[in-house]
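Here it is, the structure in full.
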Amino acid sequence: MEQNAIYELLAGHLGEGALAWHEDAVEPWAEIAPERIADACLFLRDDERLDFNQLMCLSGIDWDGYDENGKGKSVAILGYTDEGQPETTDRTADGDLGVAYHLYSHAQRHKFTLRVRVAREVAEVPTVSHVWPTAAWHEREAWDLVGIRFAGHPDLRRMLLDEAWEGHPLRKDYVMPAMWEGVPMEGRPLAKNPFPATEPATGDDGPGGPTPPAEA
Amino acid sequence: MATGKIMNNGWADQDHVPGIKSELLELNMGPQHPATHGVLRLLLKTDGEIVYQVTPVLGYLHRCAEKIAEGVNYKQWVVYTDRFDYLAPMCCNHAYVTAVEKLMDVEVPERAEHLRVVTAELSRIASHLIALATFGLDMGAWTPLLYCFREREEILNLLERMAGGRMLYNYMIPGGVRYDVPDDSWVGDVLDFITMLERKKLKDYNDLLSYNKIFIERTADVGVIDEATAKAYACTGPVLRGSGVKFDCRRDDPYSVYHKFDFEIPVGTGEMGTVGDCWDRYMVRVREIEQSCRIIRQALDTLPDGSYQAIPLNKIVKVPAGAAYSRTESAKGEIGHYIISDGGQTAFRNKVRSPSFCNLQVVEKVGVGQMVSDLVALVGSLDIVLGEIDR
Amino acid sequence: MEILTSWLQGLPGFGGMSDQGLFITGAVIMATLMFTVMALCAIVFTWMERKVAGFIQSRYGPMRTGRWHGWAQAIADMLKILGKEDIIPAEADKGLFVFAPLLVLLGSLLAWAAVPWAPGFTAADLDLGLFYIFAASSMVVIGILMAGWSSNNKWALYGAARGAAQMVSYEIPLALATIPVILHTGSLNTQDIVIAQQGGIWHWFVLRDPFLFVAFWMYFIASIAETNRGPFDMPETESELVAGYHTEYTGMRFAFFFLAEYANLFLVSLIAVMVFLGGWWSPIPGLDFAPALTFVIKGVLMVFLNMWVRWTLPRVRVDQLMYLCWKVMIPVTLLCIVGSGILMITSGAAG
Amino acid sequence: MSRDAKTPPAGYDVQREHMLDFKVDEQLAKVVESDAKNFILTTVDEVFNWAKLSSIWPVTFGLACCAIEMMATSATRYDIDRFGAGAFRATPRQADLMIVSGTVTGKMATRLKRIYDQMPEPKWVIAMGSCAIGGGPYFKYGYHVVKGVDQMVPVDVYVPGCPPRPEVLLEGLMRLQDKIRGRKGRFVTPKWVTDYAKKIPYRK
C-alpha cells in the first residue's frame, strides 16, 4: 500500500493524535502524539489492510543540539582527551528526546515509520511491548542508552550497561566516566615518542610530526 | 527415542515429597562459558536438568559503537561496522554503506556492486561455516569445527588478496569499494573454491554432522520456534527461515544488484522433526551456502567493466540532512541502520538494529521447559554474535 | 604372584624369608609395578590422544616438545601440573575434596590387580577376577560424586549427578555383556578366560558365535560410557558444564583425575581384549612369542578405536544416554546371554 | 593445507635464530651466573621451566573479534597444539595462560579479574589485540571500554594487531616461552625483516 494511504488510514483512526506527515523526506514519516503511540501501533498491527506484524526497529534519539538548518552544525559530543581524561562542558542540554518506530508487514510487504517526540524533562512514552514482544528489549535499550522511560513496560531494567551505571550515554551532554565501580575507564596519556627528533624544534610540524616536548 | 518435550509437572513450585522442601536452582551460565559464544550471560533457574527460566544478561561486550558514530565521520565508521558481526564483516560493511548511500542518493557503479555482492557472499559463507562449526562444538563434535575452519581459511585468503585484511576488511566505502579485483587469477580462484566447496566439502559436513544419527537426535524437535513466535519476536535470517517463513531481504526488499541473480531461499521443512527446530535452522545454513555459491558464480560471470568508486577515496563524505532506515540481509539476519544526518560529516544518530539482538530475545520464551543441554543447542542454533548484540 | 614369590625366593637374601614376608614384599613390588604402568599409560595415552586428534582433524598435534613429534609433551604436562598451585576453594568441603581424587585413583588402581598380562602373570590371580575388576572399578563413581559435591560449585554438582547416574547405569550392560563369555568358560578367573581362547582368531570369543559378537560391541559402547569419554562424556561435557565434576580442581589433584581417566580407558580396553579378543594369544596359532606384548598391543589398538569414536561423534544428551542404557543395551545384552546359552546347548558345548 | 608444508623453506632456521636475537640484560646475566654454581638446583629449575614453557594451557576465554583469530590459531592451519599450548581448558582452575582476546568492557573487567584470580600460580597473561592493549579504536568515545587490560591484571606479553594474525599470536606465545625460560631482553628487529618489509608492494 502507498505510504500516503497508510497515513490517511492512521490519521482517520487517531484524529488529533496524528500530528504531522512528512511526505517529502527520503523516508516519509508520521509524527504521532506520544500518549497515542500504543493505540496507533495496535491499530497498525490489527487492521487487516495494514497488518504490520513486525517491528523492525525502535530507536531512541536525543535531539539536543540538532542543527535544524541541515548545515552539519550540531553540537559535538564529549569524549576522552588524548591524555585519557573525560572532556567536560558548561552547556546544559535542553533538546527533546524522541523515539522512532519502523514497521514492516510480511503479508502486505509495506513499511511505515512513526516518530514521537517528548520533552527532556518528561521523557516518558507508552510502551508497545504488548503489541510486539520484540519491542521489550529495544525499549530497554532505549531506556539504557537514551534515558526514555516506557510507561507500562513489564521489566524496564538497563539492557547493556550495569544497573548501577550513572547517566545515559547516548545523550548529547553525557560526560564519559573516569572510574566505575573500581574499574578505571579513563585512558592513560599517549606514550612519548620513542624516537625524538635530534634537531631543535622549528615550530611547524614537519614530516616527522609534531616535535615531542623536551625531557623534564 | 525421547521426544525432547518436558512436562511441567509443577514440582518446582511445591513440596512434592512431604517434609522435604525443594527450590529452583539458580545457575549462572557465562559470561565465560564455552557454550555462550563469547560473553553472553544466561541466568537460569533449573529443576534438575530442566530449565524453568532463562534471563539473558547482555552488555559484556558493549563497545559504544553508536556513540562513536556520532563522533567520527561516515567513512571512518565503516571500521566499526566490521567489528559488529566479526564473522561476516563484509555483510556489515554492505549494510552500512547501503544506508549511507540511501541518504546520499548516489549512483554506485555496477562493478562495485558486483564486487560487493561477491565479497559479502563469501563472508556469508565464512560466517555460516563458523555457525556450523560452533554448533557442532556445542553438540560435542570437535572435528567438524576444525574442518570448517580449514575451509574458512581459504575464504580469508581470497578476501585478504582483495581487501588487504585477514579478518576485518574495511573494504566498502560509501559510493563504491576500496579496491578492484587484485589480479587476473582472483576470479578463477574464487570459482575454483566455490566449486570445491559445493562438490566435496559440503558433502563432508553432511556426512560428518548433518545426517549423523546422534546429531539428529540432539537437534530434531529441540528448541522449536514456531512461525508466530518467530514473527512476533522479529526474528530474521536463518532463524526465521528455519521456522518455514520464506523471507529474505535479498529477494523481498532488494538492495544492491541482488534482483539480477537467480537463487532460491531455503526454508525449514521439518524433515527430521518439527518445523522450526534446531536441525532446520542448521540445515537452512548449509543450504544457504549452496545458494551463496550460486550467487557468487553469477556475479562473477557477469562482472562488468568500469569504475569501482563513485566518490574518490580521499574525499570526505557529507550526507544531506534527513533520516533513513535501510536494511540488508547479513549472515545472521536483517541488519538495519537508522541514520539521522544533520548535513555534516558525522551522523547525528546511528541506530543499529542487529539481527542477533532480536533473535536472541526468543530464548526467553523458547528456552523454558528445555533441558540444559537443549538450551545449549538452542543458543547454538541461533548463531549469535555478541559483537553485534552489544555493539 | 606365585611366579614373583618363587623368583624372590631364589634371590640371595630372600631365601630365609618367611612366606608372609615374601608375600608382602611381592605385593609391594607388584603394586609399584602396576602404579608405574598406570602412570606410564596416562603419559603415553595423553600424547597419543593429541596426536590421534590431530591426525583426524588434519593437523599435527604436539610437534616441538622433545623434538621428535612432541614425544615429551605428556611428560612436560605432568611436570608442569606438579608445580602448579594447589587451590582448595574456601567454601569447599575440605575432607571430601582432598579425598575424592585419591578414591578415583584407588578405584582404577585396584582393578589393575586382576589383569592377566601373560600366562601365569597376574598381580592377584583371583578366582573371581572379572567380578573383582567390576567391583573395584565401581568405586570410581563414589569418588566422582564426592568431587562434585564437595567442590561447592553448581557445574561440578551437575557433572557429578550426571556421572553417577551414568556410571551406575552402564555398569549393568558392561557386566551383562561379559556373561555369555563366562557361560562359555565356566570361570571368572581372568587367566582361565584367556586360556579358553587358545587356537587362533577363530577361537576368540568375539567370533565364537553371533551373540558374542553383539555382546562385544555392547561391551565396547558401555565401556566408553563407563570411562566418561565422548560421545558419552556427560560428567565433563565441556560445552555445557564447563569441566564437570573437576571444575574446581587444580594441579596435582586434577592430575589424579586425569591419570585415572586414562588408566580406566586402558583398563577397559584390556578387559575387552582379555574377554573377547583372545588376551595374549596372537591371531595365528603358534606365533605366541611375546604374550605380554601382544596383549598390550591389542589394548592400544582398542584405545585407538576409542579415540577414533571420541573425535568423530557428537555427544548424546543425558536422557538419551539413559534411554540407550536401560531400553536398548540391557535388553540386547540379556538377549545375548539367552541366545548364546541356547547355542551352547544345541551345539553340545555345554558341559 | 598445512599438511603439505613438511619441510621449511631454505634458510628458515637461520632466519628464526635471527629472530631470537636478544640483547641480554646485564643485571640478569649476573644473577644467572651466581645461581649457576649450584648445578643440581639449576638443572631442576631448567627442567621445570622447560615443562612450564612446553605445556602452556590457555583458558577458553574469548571476548570479541580476536577470539575468532584465537580459535583460528588453534585450528587446522596454524595449530597452536604444535607448541603444546593446544589444550584449551574451560575452567580457569586448570589453566596457565589467559589470552585476553578482545575488548575488555567495564562490566567484563570485574569478571576478568575474577577469572585471573581463580587461576593457579604460576600464570601468565597475553593481551591480544589493540583493544586489550590500550583501548584500540574505542579510546576516544568508549565510555564502557577499559583502556588497557594491564590496568586490571598484570600482562606478560602484548600482541598488537586488530585483530592480530594467528602468526603474531604464535610469536607472542614464543616470546612468553622465552620469558619463562628466563631470557629477558629487548627484541631486536633483524635486518632481514626490515629489508623484506620495504620490499612489500602496497597499493594506493
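Worth pointing out:
To keep things simple, chains are lettered A, B, C and D as they appear, and every chain counts its residues starting from 1.
As a convention for this text, contacts are C-beta pairs under 8 Å (C-beta built on N, C-alpha and C of every residue); 3 or more make two chains touch, one makes a residue touch a chain.
For clarity, every value in this text was computed on a predicted model and none was experimentally measured.
Hopping across touching chains, the smallest step count from chain B to chain D is 1. The pair with more inter-chain C-beta contacts, choosing from A-B and B-C, is A-B.
In this assembly, the C-alpha centroid of chain A lies 62 Å from the C-alpha centroid of chain C.
Rounded to a whole number, the gap between the C-alpha centres of chain A and chain B is 24 angstrom. With centres taken as mean Cα positions, chain C sits 44 Å from chain B.
Inter-chain centre distance (chain A to chain D, centres taken as mean C-alpha positions): 40 Å.
The multi-chain contact residues of chain A, meaning those touching 2 or more other chains, are 77, 79, 160-162, 169, 174. For chain B, residues touching at least two other chains, in rising order: 33-34, 59, 62, 64, 67, 70-71, 146-147, 150, 390. Shown for chain C are the residues in touch with two or more other chains, namely 57-59, 238, 242. Contacts between chains, counted with the stated touch criterion, involve the pairs A-B, A-D, B-C, B-D, C-D. Of all residues in chain A, those touching chain B in their complex are 25-27, 29, 53-57, 59-62, 66-67, 69-74, 76-77, 79, 100, 102, 106, 109, 111, 113, 132-134, 136-137, 145, 158-162, 169-170, 172, 174.
Remark: chain C residues 53, 56-59, 154, 158, 230-231, 233, 237-240, 242, 311-320, 323 touch chain B in the complex.
The touching residues of chain D, when paired with chain C in their complex, are 1-3, 47-48, 50-52, 54-55, 75-77, 79, 81-84, 86-87, 89-91, 93-94, 96, 118, 120-122.
On the side of chain C, the complex with chain D involves touching residues 50, 54, 57-65, 70, 72-73, 75-80, 83-87, 238, 242-243, 246-251, 254.
Interface of chain B with chain D (complex): residues 31-34, 38-39, 59-64, 67-68, 70-72, 79-80, 83, 86-87, 130, 145-147, 149-150, 152-153, 164, 166-168, 179, 386-387, 390.
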